[in-house]
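Letters A, B, C, D and E mark the chains in the order given here, with residues in each chain numbered from 1 onward.
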């Protein structure tokens, strides 16, 4: 792997269900450690793209490359997280975090130690032996993200991870995610419907067009890091937001 | 009733659950035809206030006045709508819209005609005989709002009505609500966690403080109507948003 | 209903039942089981045909017992569930009794019932009702408990009286669990009627026919009666399934046909 | 467990059962029912005490039959559900057979079973299993069908093999419905064993004792046996409830005790 | 012989013992000793068909109890006026103070015994190690010990199984020996196989020769309707005598009355014919009961612990209602 190889590369990936094209040929590349958001109308194929990258779906055409290696149609190569936390109710926090290990090779003492370490570090220290039902929505999403981190994949696919949280918790989680991301140096592809969120988190925002989905525009977010909530009402932020909203709501704009 | 009488007046309403004060003494007044939003952190007592106004809860202290008349603790005086659409699965769209009549006095031919009329007028003309399961989330929320309108109360309490919708649908619904509101000249009290939404819709935004909840600040939104999405990225809008965010996140602001 | 649904809904069960008969036949032939021990499907069907004129009136009587008992049980279960749903205390007190009632071996209470209630249809109705009321009560109670709290609050906020909220919200919400309970009850109802017939029949009955056939070692006739009982049970089950389908259009149809109303009120017409 | 839970969980059922006995007593006294028709609770309990040394060994035998049949039925139902969950076709073919199996009046198949299997424990096991497997199969199948699709996708995306996903996701998801099925099965299991005993048993049995007592017109002893059968059924039900409570801590506890692990790994220690 | 007590009828209206037909026949409900009908009902059927009941001023309806042990309860609760019962039923009923009393023997002798398949001999010295079926009833429980004693064995030397219906199990080889009465077992085996079973009559192998079945009445009803009871017995007496002289015709008559009974003509004929062998005592007498038969039975039941005390013979029976002559 040379220095210039993208961490993740999707090369002309296409997917149709029946005669219904969910994803038109799509190409994108993420640099190592980059944080990229995808926004686009409902049903434009964002989750389909994620399913292709994660190996759950095999694309009709095109390929997925991780560190330059073809991983098309194989699963277990990237971390994946969804809007629903999908915690397993009968496993404690630490057992949920180590679920990836249980599903692939069996949980070791080290996996447990790492899971406890994650929990301690990111605000769940007192809850490692709790069952999910005893946690709040925000805490559950934290556990879900730690589970994704614990698989130790360099690339994380986060599909509207905060979509179900209330606005306040959501803002807290965004800041927390940035902290985790900075610590662990992962490469993140992030889907959201919240334009503020996409700008606040990302290095780049990709805007997808309605069906059949493809990447219609790409906006670099050259705002300083670390970012705080104040950023959201700065003119620079606002300019990007206006641009994205215009792209998304071309038809609605008066 | 004199011209100056507020449509709705809450006078020092207070509510505690056990020793837990959910709502500190709260006073507010809505002019006829006014659109007022309430924002505030989770658990600050917004829904409790709504329950007091709708008569579901009797306040420990204070009173609720509608057109100057005391309605404290009596239900059936205002329209009420929640984040969950709460449509009744075994009733068709038109039967859901007339649910209020069924629950109070029996559905008449006129109620049906009015319900069909609402549905036709607000984009559900082809769906009057559909069951809720055959509708999309946005359509279901429209039906829920029409059900609220069909009770023919002057005051509508809307508790995060669009909280469960995706961002695109949400923007559409906001514009649709403004249209319905303009048509029907109701007085609206609206709860949301989305600051953009509160500004976009309202004549005034009330910001509540964390527990025990009370109204900490009031901001007039003197932006022109009718409003379009473009408004959201104007400096005037942004100024109000900054102010509200500052009030909400005093502790987070860096 | 499209072709796929028809295949899944009708053809598969038919094939499935055919397979049961095939396996039954193979067992009888394969192990060389004598007819008086257990007859083959063919012998059983022959016996069913030969005894049809005797069996059919008896089957009608069994159906009558099943229907009455089923109705009594369903109503009782429903009323009990509604009563239990009113207060936690009543529920706490009645629920254990429900469970105990089902743990009582029903064959053991049948004889005392006959002595108390006589030889008519009464003890059979009690036994069938005893079996049917339980799944109905448990399921309806579940349904009532799971009505969305927020929906109930909304209905009250709309000014709905207790009785109207019950009528328009809580009651319709019990329909689905009610049918679940009725389907379970239907499957077991005939067994109840048969137990009742076994212990209390002045005249002849399906169970009596079976016992007599058994005494005279006419095993094919015994099995023919058993087959007929099973068919009645399945028929009853299917009837409930059919009634459910027709009375709950919102589960499988997008729209409700309201032709009369549309014709006079549709502004587009 | 706080005081309120204890009252609701233990005291209410006890009061409730006491009320049953009271009502029973009132009926017997109120209507002047003679002892030989139906005894009062007091007479029944006296008979239970007087015959205890005879009844207890018989009860143990009934419990043995119930336990074996229960285990066979539960395993069979579980395996069947897992098999059915694999493909729509298998499910479509097997499901109707399940329903038919329950519509067969069980008392009608008991006699042929004895001829086929003899007087030992085998026919009782078959009958108990026949009753128990159905709720287990139906509930577990339901549980398997309702595992969150997205969770299964996620598990696959994590690189989980089919067998590991089954072991860690699908299998644990059946625990709750499995217990629901087992509780229903437990309530009816004793009835199954008693039916088996009635048709034939080696030497004495609880059902045999009951028949003998009946033939010597000792009605209190008949009811004592019936009470004992019911108690066994309820005991079995409560045992399942208890096992469920202990084995599913995530339903009622906030945390899992993992003392060994915490002691060695807690960075704060 | 018989009871000369007579006190039980002293309160009733005096009669001269001969029954005369009143204008209105008295309705009588008779509870059978078994949940379903069989050839033991032949005398009742014959009396009904030949108008003998009407002739003696009664009208009889036959009903069937929920189980074999409940006929006595049906009688005692007044749901029937008369009943066909086993003598053990009567013994236990008196012990439990049920208001009923035996008014006439159905059979006069004990036809209970041990049965094996055709061609498989049964003898006292071959019982050891055999599987023996019983119905779990008190009669069998009372009689078996006598047979075991005669054979010099105990119940531990055989394998007793309790069954619901012995014939298929016997013919199928699942049991070696069935316990039953001759009329039912011979009829069943002969009807099914065309051959006679081998059997060993208990009364000839250590067991007391006491009647198995009796007619019994509810005491209250008897006190109020002594003439009807006598009328009933008189009609039954004539019907029994005729039916035992014409077993073929009687069996045909039974088959006509209960066409759906499930039994063949030959089964009914064989069974009834065998029943007749036990219906008269050595003097050719029907019905008449003795103190001795009840004392013997009571002692036998006491011997196996089924009864705590044997009552006075008069508590069990009365010959008061027997037809004159």
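Just so it is clear, a contact is a pair of C-beta atoms (placed from the backbone, for glycine too) under 8 Å apart; a residue touches a chain by one contact, two chains touch by 3 or more.
Because the structure is a prediction, the values reported are computed rather than measured.
J.: Over the chains that touch one another, what is the least number of steps taking subunit A to subunit E?
T.: So the least number of steps between the two chains is 2.
J.: Where the contacts of subunit B and subunit C overlap, which chains show up?
T.: The common neighbours do not exist; no chain touches both.
J.: Counting C-beta pairs in contact, pick out the pair of chains that comes out on top.
T.: Maximum number of inter-chain contact pairs occurs for C-D.
J.: Among the chains, which has its CA centre at the largest distance from subunit A's?
T.: E
J.: In angstrom, rounded to a whole number, how far apart do the mean CA points of subunit C and subunit D lie?
T.: Result: the chain centres lie 21 Å from each other.
J.: For subunit A and subunit C, let me know how many angstrom lie between their CA-based centres, rounded off.
T.: Chain centres of subunit A and subunit C, defined by C-alpha means, are spaced 51 Å apart.
J.: I'd like the Å distance between the centres of subunit B and subunit E, where a centre is the mean of that chain's Cα atoms.
T.: 86
J.: Provide the list of subunit D residues touching at least two other chains, using ranges where the numbers run on.
T.: 37, 111, 115, 198, 214, 219 - these are the residues of subunit D that touch more than one other chain.
J.: Which residues does subunit E have that touch at least 2 chains other than itself?
T.: Residues 67, 70, 73, 77, 165, 168, 172.
J.: Give the pairs of chains that touch; include all such pairs.
T.: Pairwise, the chains that meet the contact rule are A-B, A-D, B-C, C-D, C-E, D-E.
J.: Can you list the subunit E residues touching subunit C in their complex?
T.: Touch residues, subunit E against subunit C: 35-36, 38, 63-67, 70, 73-74, 77, 79, 165, 167-168, 171-172, 188, 191-192, 260-264, 267.
J.: For the complex, give me every residue of subunit C touching subunit D.
T.: Residues 8, 12-13, 15-17, 19-20, 33, 37-38, 88-89, 92-97, 99-100, 102-109, 111-112, 115-116, 187-188, 190-191, 194-195, 198, 210, 214, 219, 222-223, 225-226, 229-230, 233-234, 237 of subunit C touch subunit D in their complex.
J.: Where on subunit D is subunit A touching in the complex?
T.: 148, 150-151, 153-161, 164-165, 168-169, 172, 175, 248-251, 253-258, 261-262, 265-268
J.: Please output the residues of subunit B touching subunit C within their complex, sorted ascending.
T.: Subunit B reaches subunit C through residues 51, 54-56, 75-78, 80, 82, 84, 86, 88-92, 94, 99-100, 102-104, 112-113, 116-117, 120, 125, 129-134, 151.
J.: Tell me, which parts of subunit D touch subunit E in their complex?
T.: 34-37, 111, 114-115, 118-119, 198-205, 208, 211-212, 214-219
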